Each structure stands twice: as structure tokens, then as C-alpha cells.
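Below are structures written as C-alpha cells.
Presented sequentially are two complexes of chain A, the first with chain B as partner and the second with chain C.
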Partner chain A sequence: MTLFLFFAYAGQAWNIMMGFAGQLSLGHSLYLGVGAYAAAALYFHFGIGPWAGLWLAIALCALLGAAIGALAFRYGVAGVYFTLLTIAFAEFARIGLDHFAWLGGSGGMFLKVAERDRVELLNLRGTPAMFYYVILALSAAALALSAWLLHSRAGYYWQAIRENEDAAQALGINTFRWKMLAVVISAAMTALAGVFSAFYYSSLFPEQLFSINRSVEIILGPIIGGVGTIFGPIVGAALLTVLAEGTNEIVVAFGWEVPGIKQLIYGIVLFAVIVFLPHGIWSALAGKLKVRE
Partner chain B sequence: MSLDFVNLANVVISGLLTGIVYGLMALGLSVIFGVARIVNFAHGEMMALAMYLSVLLFSTFHLEPLFAVAPVAVIFFIFGYVLHGAVIHPFVTRPEHSQFILLLALAIIMTNSLLILFGPDARAVSLDYLLEPIELGPLLIDRGKLYAGLVAFGAAAGLFTLFRFTHTGTAVRASADNWLGAKVVGLDVKRLYALAFGLGSACGGIAGCMMILLVDLTPGLGPAYTLLAFVIVIVGGLGSMTGALAGGVLIGVSEALAGFYVAPSAKGMFSFALLILVLLFRPRGLLGNKL
Partner chain C sequence: MSVLLNVQSLSKSFRGLRAVANVSFEVEEGAIVALIGPNGAGKTTIFNMLAGALRPDDGAIFFAGKSIHGLRPDQVCALGIGRTFQIVRPFAGLSVLDNVIVGALRRCARVNEARAFAATIVDKLGLGSKRDFPASSLTLPDRKQLEVARALATRPKLLLLDEVMAGLRPLEYDQLIAFLQEINQRDGVTILWIEHVMRAVMALAHKVIVLHHGELIAQGSPAHVVLDAAVLECYLGEDLEL
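And then the complex of A and B:
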């Protein structure tokens, strides 16, 4: 459940940038990783707890998002090029951190694991149940924020930009400013997911946090659920979790335990969804049930 | 000559030859991207597929990669042609992110099928000539790299000729420039797109065959090569065939230098830094015409 909510939360963060404002990022692992490393480094080196560290994480990621957004939008890097730029920054950071000894390098960084039965909310050390409630609160907050944003002024501007950027600009919308806002909000939200994962797993490896597979995992939920919808990321993450657990059971039951089989099934599901339900499962379902968001 | 200089020359030559193979791989991507308008995010995975195919051909029929080039190219041409017609074509008019995700799904399927079929262990072909470098004065040239570079260069030259001087090639270029116009004058655009996709896949296939002479093969190579191919195409300039080749050589040499003077694992960082700089300051690429 914690993992499901984690991906629901990260998916919602990504959805604000792609689903609402139409900017496809495949480098969200950058914000996840930077957020995780920022909070973990403060805790590891200076003993500063995550409740203080998360502000640094948010600030750093918002700044990074703003820098990438400003560079890309100012220089007219759009579409596929924008996506590749986001990948390039994430990969750059991954290889860079592999060689940065102060943060553990490729060998990773490990946070002191406290006794698992004592809840120490102040340092975010404690039982799995505590982590569950923390991520539940985060996801709920993200849901409320998404719903509010989508029907705010910014939300309508974003949708206008997503559908037709030139037309939006012609109508007098400052597309640069609103796209920047989407990137910064999305990056800052993903930073919190990073802080959470750092303290949940207590170990940090650049290869895992910054890898493109991470970015793909983040975007799978919203795409399967429905890009640009409020409930899509959550529905998608739930389905993926069920799928992952289900395949685990089947794989074990039939004795097919070979590396890669889970990812293969993910790939096939992703393929089926994009071919048959390009607007996602939630959109199809909402249409059937006549639910309006 | 001082030892430093000899080292430098060896590194540059080795990077140059590897770079030509990179260039051919990127050329395939550029054709698919520029003509068929598809963001082929499975390009490196197709290349990894070709590498496994050539390892299989070697281990079962003792067909060495230099001679396996022709059959692999044909197989990949057909593979690309059919894949485009069956799956990819309906996506041409869909938004870019839709295409991106379709190809990503294909890429994930390919990589993990390879992992399941062949396991995670590294594979390579063992040929005697790979161990006997050519001595040219103080310089040592790896035979595998030399042959790979020459074959890749030949394949690229063949593709140039095809596009420049044949009727079909001209038609393909026309539909790349203006597909509506091409349709109006009666060209079968769908077939030409599939043809371009097939040719691009064949380039990837040949590059894969040659790459097996240079590196050990694992299923995880695919995604890394996809990224590399995109870096090269964008650095060289989209839609420019010479740009793709030149970009490949540039990245090949810079990787070799970084690997030698900094750390082998850091070489990717330089490529991505180069990509970021090019995207920001010359988004059309070093040799590209227009965006």
C-alpha cells in the first residue's frame, strides 16, 4: 500500500506538468533524486531532521525545475527536444553523483536505521505504519491540490497551452510564465516524494534514484490511468500495484521466476493501453459512468 | 614522438572508428525521425536485438559478424517495415507523447524479452583477429574497430547513394519535406514511411553487428544506446545525414578522451553535457538546417 501511494503521489506531481500543461518530462527522477539526496545529506552529515531538510529539498528542486524550464522555454526547446533535455539533466546528475564521494558516490549513502518499533516522527524514523500514514497524507494533499489547480485560473491557462500553445499566446496568455509555474510546482512536489523515499528506504544509490527507469515508473501510473485527469494517476498506480502483486503470485505459482518477466508484463500492459485506450483507463471508465471531474 | 602524444593519437583513432559505428546507428534514427516522423525510442533496443542475432549466427553457424552484416540488414529491414505497417503507422498523426510511450513500451518489451531469453550474463564473439592489433609505427590500431568503422562507413555511403540518386530515394526525401505535397502528387506516403522505418532499422541492425566487435553484450545495453543515438542526432543536427555521422564521430572521440583521461564510467556525462549545450545554444544541431 505504501508503494502504491508513493507512485500515486509521484504520478500526480508529474501529471501537473504533463497532464495539465502538456510538457512531457522523462526526467522526473532528477527531482526525486535531488530531493532525496538533499534531505538525506543534511541528516547524514549534520543531523538535521527531514522536517527541516524537506525545505531545502523543495527549494533545490523548484530552483532546478525553474532553471531547466527557463532555459528550455526561453530558447524554444519544445516537444521531443524538451523531453530529451529533461532526460539529459537526469542522466547528467546520475553520472555526476556516481563520482561525488561526499554523498557516497556509486556505493550509495546509508541512513542510520532506528529501531523499527519506535515511532520517531520528528526524524521520520519508525514503523512501516507511520510511513503509510505520511504518504497517505501526502497523496490526499496532492489530490486536493490537483483538483483545485485544474479548476483555477492556472489550470485553465495550462489546458489552453496544452491544446494549442500558439492560440493561447495569441489570446494574451503569458505561456512562458504559466509553463514555468507548472514545472516548478511539479518539481517541488516530486522533491517531497524524494525525501520520503530517502527515509523510507534509508539507503540512496544514484543508479536507482536517478535512473530513467525510475522516471518511467513515475509516469506509468498517470498514463495507464489517464493523463490530465485528477483521479487517473491514482487509478493507474492502484492498477499497477495490483498487476505487480498479481504477476508476482502467478510467476511464483508457475515457477517462472526469471529476471525481467515483471518488466515484460509492464511493457505489454503499457503497449495495450496506449494502443487501445490512448486516454487512459480512468477516462474510459469515467465516460461510461458519466462521472465529471 | 613522446609517449603522451602516442597515447593521445591511439585514443583519438579508437574513438574515431567507434564514432563511425555510432554515426551509422544515429543515421538510422535520423532517417526514422526525419522521414517517418516517429520518435523511435526503441532504436538502441533494436540494435541490441541485432547484436544478439549476430552472436547467435556466430555461435550456431560460425558466421562471423563481418559476413553476418548482409543477412542481419535484410532481416531488420523487413522487421522495421512490418513493425511500422502493423503497429506504428496509426500513431503518425497522434501527439508526440503518445508515440513516445508506444515506442517506450516496445523498448521495454524488447529489452526484457532479451533478458529472459539470454540471461543477464555478458556475451561476446571471440575471433582471433580481435586480439591482433595492426602496428602502424608507434600506433596500435584495433582490427575489430577498423573493420567495424569501414563497414559502417560503407553502409552509410550506400544509404547516401540510395537517397540521392534513386527514384525511391527522391520520393522518400520528398515525403519527408512535405508529406501533404507528396500525397497530392500521388506518392504512397504510408509505404514510403514504412520504407524509411525499414531502412533506419537496417542501419541499426548493421551498427549492432559491428558493435559486437567492440563491446561485450548485455540486455541492458539497449536503453543506453537509445539515449546515445538521440544525443548524436541532436548534436549533429536533425534531418542532416552528414550531421548524424559527424555527431557520431564527435561523441565517439569525446567519449574515448573522457574515458582515458577522466574515468571510463564518467564518459557519458560529457555526452550529456554536450547535448545540453547544443540544445540550448544551437537547437538545430551543429550541421542542421532549420528546426
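And then the complex of A and C:
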């Protein structure tokens, strides 16, 4: 459940940038990693707790997002080239941190694991249940924020930019400024996912946090659920979690011992969803139920 | 009447091709001015320069007495120039009403206010029954109307219309002509208008500007321009005997 909510939350953060404003990032692991390392380093080296550390994580990621956004949008780096740029920055960070001994380098950084039966919310140390409630609260807050943003001026402007940037600009929208806002909000939200994951796993490896696989994991939920919708990222993350657990069960139940069979089943179902429901499960469902977001 | 738009010796070349050469004209406040000329005469290029989408190589543009040279399209729109695109650019995934709300937000502080204002414009342009349809489902004539609705929602002082009549049936032109006349007379919107449908130009324009190969070859009242020798030559061939 915690993992499902984690991806629901991170997917919602990514969805603001891609789903609402149409800027495809395949480098969201950058914000996840920087957020995680920022809060973990403060805790590890200076004993500063995550509730203070998260502000550094948010600030750093917002700044990074703004820098990448400014670079791309000022110099007309758009479409696939923008996407490549986001991947490049995540890779920079991964390689850089691999060689940064103060943060553990490629060997990783480990936070002290306190007794897991004692809940210490202040330092985000405690039982799995505590982590569950923390990420539940985050996901709910992200849902409220997404819904509010989509129906505000920002939501209209972002969708206009996503659909046709020239027309949006001709209607008086400062497209640079609004795209920047989308990137910064999305990066800052992802930073919190990073802080959460640092304290949940208590171990940080650049190879894991910054890898492109991580970025892809983040975006699968919204893609399966429905890019640009409010509930899509949550529905998608739920389905993916059920699917992953389900294939596990099936493989165990049938006693199959074929290597890679899990990934194969997972891949086939994913493929089917994308082929038959190209706008996502939630979009199809909402259409049937006549729900308007 | 005061001059709302003053264009002075505007020029633009694309890789050596002179698209617009030394064009000067004025648009008086409250007027309806038609910009006509054969394909490739530079009409849309002039629009793109006025709207800030293209930077002129040379010349000056004054709107309400202020230079708008070098401003971005959104800044030009903020000053009160609304435009439509010849090749329509709807926000395809959004509903008709939402398309117009995006424009209306330019002048409305709140989304609800913008929605109410957008709804009145959508109704007036005859798109009321389709307001909740996605813009991608509209026919071309409806998309042209949507372009006009969206531009009008920004409450422009000057409206730039690029071939909004193309593809419309005669009955539909008459409705659109009546509508443009209404916003011009009642709301005082000045209109600069690229058009091939001469029937509409003759009915509506106070002044006609004729372009050919990027140069301004004639301007004046519609009745005067259709009798101009240079205009007849470029439209109908030089050996025409009247």
C-alpha cells in the first residue's frame, strides 16, 4: 500500500508538468534523488530532522527545475529535445553523486535505523504504519492541489500551452512564465517524494535514485491511468501495484520457475492497456460513468 | 477619428525573398479595414508582424501611439490586439467553451467570471449548442468561428481576422458579416481583416488596402479600389478592357 501511494504521489507530481502543461520529463528521478539526498545529508551529517530538511529539498529541486526550465524554454529547446535534456540532468546527477564521497558515493549512504517499533514522527523514524499515513496524507494533498490547479487560471493556461503554444501566446499568455511554474511545482512536489523515500528505505544509492528506470516507474502510473487527468495517476498506480503483486502470486501459485516470467506477464498486460485504452483507464472509466473532472 | 494603428515602411524578407516591402498604412479607430491581394502577397506576414509573431526587418508599428516593435505576442495581446490564425489552431483537446475561457481569462480576474463572459461570446457566434464538445470535433467553418470567439474573448481594441470567411457557405458569411458589424458598431472594436471573399469585403469594409508581391499597390474605399487600374491588372490580367 505504501508503495502504491508513493507512486500515486510521484505520478501526480509528474502529471502536473506533462499532463497539464505538456512538458515531457523523463528525468524526474533527478528531483527524487536530490530531494532524498538533501534531507538525508542534513540528517546524517548534522542531525537535522526531515521536517526541516524537506525545505532544503524543496528549495534545491525548485531551483534545479527552474534552471532546467529556464535553459530549455529560453533557448527554444522543446519536444523530444527537452525530454533529452531532462534525462541528461538526471544522468549528470547520478554520475556526479557516484563520485561524491561526502554523500557516500556509489557505495551508498545509510541512515541509522532506529527500533522500528517506536514511532518517532519528528525524525520520520518508525513503523511501516507511520510511513503509510505520511504518504497517504501527501497523496491526498497532491490530489487536492492537482484538482485546484487544473480548475484555476494556471490549469487553463497550461492546457492551452499543451494544446497549441502559439495560439496560447496569441491569447496573451506568457508561455515562458507559466511553463516555468509547472516545472517548479512538479519538481518541488517530487522533492518530497525523495525525502519520503530516503527515510522509508534508510539507504540511498545514486544508481537507484537517479536511474532512468526510476523516472519511467514514476510516469507509468499516470500513463496507464490517464495523462492530464486528476485521478489518472492514482488509478494507474493502483493498477500497477495490483498487477505486480498479482503476477507474483500467480507465479508462486503455479510454481513457475521460468526466469523473467513476472516481467513478461507485467509487460503484456501493460501493452494491452496501452493498445486498448490509449487515453488511460481513468479517462475511459470517466467517459463511461459520465464523470467530469 | 484618431489613428489606432500606424504602420510605417514595414519590410520583411525570408532568405532573400521580399515578402513585405516598404508597406505603410493607417487604421483609424472604429474602422473596418480589409487587406486584400492574391496569394503570396504578404498579407499574413504583415499580420504576424503586427501580432509580434514575426520580427520586422525594417519599419515601425505604432498602436494607440505606442511602438509595439519587438514585443512578444502575449504583450501585444495585453495591449489590446486580438488575432485569429488563417490555419486554425484550436486547443483541440479542450471543449469549445474552455477554448474561449482561456481567452477570456486575459481580462477577467476570476475563472467563474471568465466562464460567464466566454459563454455569451460562444452563444453569439452560434456555437452555443456545441459548447461542451471538444474543439477537435468541430467542422472547419465552426473552427473558424471558434478562432474569432477566442480572439474576441480577450476584449481587443483591434481585431486581426485572417480569412475567417474561407470555407463558409453564403448564408454563414451573412451571419458573420452581421456579427462583425455589430461588434464594430456597438462595442467599437476596430477590425483589420484579410479576406478573399469580395462580397463580404464590399459589404463591410470602410477602407480596402491592396497588396501585390509584398507591395501596397492601392488603398481607398471599396468602390474606389475595385476600379483602380493597378488592382485590376494584378487580379485580372493587364490586357483587360473595361
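Here is the rule we go by: the second predicted complex is superposed on the first by the 279 of 293 C-alpha atoms of A that agree within 3 Å, B and C clash if a C-alpha of one lies under 4 Å from a C-alpha of the other, contacts with A are read in each partner's own complex, and residues count from 1 in each chain.
The rule we apply is simple: a residue touches a chain if its C-beta (ideal position, glycine included) is under 8 Å from a C-beta of that chain, and two chains touch if they have at least 3 such contacts.
What you see is a predicted model; the values in this text were computed from it and never measured.
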Identify the partner contact of A:168: answer first if only chain B is touched, second if only chain C is, both if each is, neither if none is.
second
Between chain B (first) and chain C (second), which, if any, makes contact with A:248: first, second, both or neither?
neither
Check whether A:261 is in contact with chain B, with chain C, with both or with neither, and answer first, second, both or neither.
first
Which partner, chain B or chain C, is in contact with more residues of chain A?
B
After superposition on the shared chain, which partner residues are touched by A:153: those of chain B (first), chain C (second), both, or neither?
second
Touching A:203, do we find chain B (first), chain C (second), both, or neither?
neither
Overlap of the chain B and chain C interfaces on chain A comprises residues none
Under the touch definition given earlier, write down the residues of chain C that touch chain A in their complex.
51, 53, 72-74, 77-78, 82-83, 85, 89-94, 98, 101-103, 105-106, 111, 150-151, 153-154
Can you check the complex and tell me which residues of chain B touch chain A?
39, 87, 94, 96-98, 100-102, 104-109, 111-113, 115-116, 119-120, 219, 223, 227, 230-231, 234, 263, 265-266, 268-269, 272-273, 275-276, 279-281, 283, 291
Touch list for chain A against partner chain C, complex
151-153, 156-157, 159-160, 162-164, 166-175, 228
Sort out for me which residues of chain A touch chain B in the complex.
18, 24, 26, 71-72, 75-77, 79-81, 83-85, 87-89, 91-92, 95-96, 98-99, 106, 212, 216, 223, 227, 258-261, 263-264, 266-268, 270-271, 274-275, 278
